[in-house]
Amino acid sequence: MNQEQKFLPRHDLDRLLQQLKEESYNCLGPVVRDGAIQYLPITDSSDLPAGVELDQVPAAYQLEFTDGDRLFNWSNGPQALKPLLFRPRENIWQVQRDSSGNLAFSQADESVEPTAVIGVRACDLAALELQDRHFLVPGAEDPHYKKRRDSLLLIGVDCSQPSDTCFCVSTGDGPDLRSGFDLAMTELEDGFVLRAGTKRGQKILDALNLSAATETQLQQVAIQSEQATARQRRLLPDAGVQKLLLQRPEHPHWQNVAERCTACGSCTSVCPTCFCFSEHSETNLDASVSQQVREWSSCFIPNHSNSHGHPVRADIASRYRQWLTHKLAGWQEQFGRSGCVGCGRCISWCPVGIDITQEVNKLVEDTG
Amino acid sequence: MNGDINLPREAVITERIQDSQDTFTMRLSVSGVDRFSFLPGQFNMLYLYGVGEVPISIVPDGDSHNSFDHTIRVVGRVTNGLGELQPGARVGIRGPFGRSWPIDMAKGRDLLLVTGGLGNAPLVGVMEHLVKQRDEFGHVDLLHGVKQDAELIWHDRYQKWATLPNTRVLLTADNPSPDWSGSQGTVVDLFSQLSITPQNTTAMLCGPEVMMLAAIERLRGMGVVDSNIWVSLERNMQCGMGKCGHCQMGPKFVCKDGPVFCLSEISGYFGKKGI
Amino acid sequence: MSEQARPKVAVHKFSSCDGCQLALLNMGDDLLALSQLVDIVHFAEAGPVDEEQEVDIALVEGSISTPEDIERINGIRQRSKYLISIGACATSGGLQALRNMADTDNWVRSVYPRPDYLSVLDQSSPIADLVQVDLELWGCPVNSGQVIAALRDLLSGVTPRVDVQPVCMECKRQGVVCVMVSRNEPCMGQITRAGCGALCPSHGRGCYACYGPAEQVNSRAVSEHFIEIEVPVEEIRVKFGSINSNAPAFKRARDS
């Protein structure tokens, strides 16, 4: 890969979007809707959130509108890439029954179009890589996920404004893009420094025919990265310490969290790596056809886990424990790393403001 | 099928046997398939049209290549509906899924099989393997417990297995009727009749969790180490492939990493409340 | 319930606004399809009136609030193989159960010029307080999709699927931006049973718990957060004391 970094002047950003369109990509980008940054279809750069800044603290997400020019001067929205690939709800197959009772099973049809997502964050990509490891296990690839994954082009932006809730530095996943992008951007005052991560990205970069980024611009990139890193205050203990959670099922602090947790499942829904789903059948009234529906589930809801007809985790304390120990310790055995990418969504979007970093540190503090 | 691992295949019920008051067997063959291969201890996701899926252990149907049994206790909405189906009816099948019993690892060793209730179903495949390859193993003890003797299914199978050389079959019922010929008490009570060589014994357990936990305690007391104790677990598996997350126990996916586990892999989690 | 035999279905009404019956009427094509599969023998809002027939499935709307209601519901239970209570009134006692917190005699005297014409119980009760209920479908009004799914399961010969989740799960699946986190809008979704499709949050409003309590109701945690975002205590009390005020989990929350 040609590692040369190029400079795209701010007023030329639409050339990039135009190039994507010419290559038949549908473009999704950050758009302000319903008080939050969301990945939605965009037509040109005027759809992007110019001057929008963001304040995230436990249980609160507030956009601030400034007259600045920057388009990516915020940390993240309520969802990462997860809903684009692992759909919140979808039919995975259907079955028709004819009058003799024969069953014909067929895959749910879905036409997938090439889609480019612009503005993706390092935490989003780290999470995507984990979801890939889960849904694209060789030999057991989920065909629905795979189809959408294959159609995705990812244009990342280095995070320059982490929120109070962010801790990707602590998990080693940000704020700069590490891997998983086709094209990476760093936003500076007057434009963007671009680098390719894949051949597809390189092709787009080449087509833009840009001049190389200057030494000064590259210095600005480095300074911005240092500043973004320095902004982060929240910390998770390292992986070895996180593993201790598995050995501490009786810790009294689980009960302490349970007194504050409402078991609403929001943390699992906004978590970009949580993968639990449930399946059920939806059958039309005359029973001629039935759909198998798969939808996001959560370890916080009843019936998530049963054994011999009895709930395995009947109370909030055991459900919170399941979430946290799985995320931070179980994941290490299952996927070779912690399931937390430090995006901080579970902190901001917890309706009662429970902070994973605080809870973990309490749960492990007396073990060194 | 477009290689969609999520997609069930149609199977036909060729026979239906009422095993006991609440337990029945459906004999199935997958439509348009000559061979349905599986290993002892594996399970299928069995789909009742329009209602949903349940994980059910696969029981071999003699030497048949394309026919197999699902022996099912009526306990929930899907099993209830499955119980109503008659020969000729169609169901959906996904599978086989999961890890099987460690038959190869146990070769040359003594076997102790301990089952309770319908926990005997996942081990039928092991016993049928034994019928064919008896000389691969040393002494075999097969212990099975039921609550009432009316719940005992597969009398002929147990009779057949009891005639195998160097094989002892012990049956027990908690509350037997006067004409019960087996023991009285729990399956763990039968341990007092055993004389095993702990280092040379591989134990395979399947049944209610309390039963398995009690059996494990006795086995450990007799000197059988965790790495020679194998258990088959039950959790609410939905996808069967370690994707949906429901059956997790600690870091294990029961459907994919199990349902058969070596105790040493899961001793930190198994039997611990809420894990 | 074999399909050839055309199972009989009745829709009964007790103290209620008829909104749940309307929800059934609004099912459109599904109602037509249903009428091909079952005999709807009693459904006053839709036409057929024959309350005395024995039926396979009874849908019961409304709460028990008069002495006559008690007699009627007992009869209906005896004549119904499978009884489903539908809607907030039937499952929790409904809005009219607000009177359970007050002195009914006082109310009656202050509202009616001739209270002696009135025969009313001092409590409005859910159906399950009086007779055995096989399935409860909560909501104000009930979600007709849930009714259809339950009926389809019964027609398939299986017990209906019960799926109790908090509204937050539905809300997030729909991609709704949390109104409480983004706008400080007090929302009961965390501790409210899903089924509405997160209707209010998807229109920018906080959930007001019309589908009743979720499986876990950590009312203290929710109330403390409401106080943090400056919801007046009296308003918090009202949130636990409206349509499903008589649901035990909400009643406990209000009293604490």
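All chains are identified by letter, namely A, B and C, in their written order; residue positions are counted from 1 within each chain.
Here, a residue touches a chain if its C-beta (ideal position, glycine included) is under 8 Å from a C-beta of that chain, and two chains touch if they have at least 3 such contacts.
What you see is a predicted model; the values in this text were computed from it and never measured.
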Any chain in contact with chain A as well as chain C: B
Furthest chain, CA centroid comparison against chain A: B
Pair joined by more contacting C-beta pairs (A-B or B-C): A-B
Euclidean distance of C-alpha centroids - chain A vs chain C, Å: 37
Chain A and chain B: spacing of chain centres that average the CA atoms, whole Å: 40
Euclidean distance of C-alpha centroids - chain B vs chain C, Å: 43
Chain C, residues touching no fewer than two other chains: 152, 156, 161
Multi-chain contact sites of chain B, meaning residues that touch two or more partners: 49-52
Contacts with 2+ other chains: residues of chain A: 280, 283, 287, 297, 303
Chain C to chain A touching residues, read off their complex: 30, 33-34, 36-37, 148-149, 151-152, 155-156, 161, 163-166, 168-169, 172-178, 180-184, 187, 189-191, 204, 214-216, 218, 220-222, 224-225
Chain B-facing residues of chain C, complex: 152-153, 156-161
List of chain A residues in touch with chain B within their complex: 92-93, 95, 97, 101-107, 134-135, 137, 140-144, 246-247, 249, 275-281, 283, 287, 290, 292, 297, 299, 303-309, 312-315, 317-318, 321-322, 325-326, 329-334
Contact footprint of chain C on chain A as seen in their complex: 33-36, 38, 59-62, 78-79, 83, 88-89, 258-266, 269-270, 280, 282-287, 295-298, 301-303, 316, 348-349, 351-353
Residues of chain B defined as touching chain A within the complex: 2-10, 47, 49-53, 75-76, 88-92, 208-209, 233-236, 238-239, 241-248, 250-251, 253, 268, 272-275
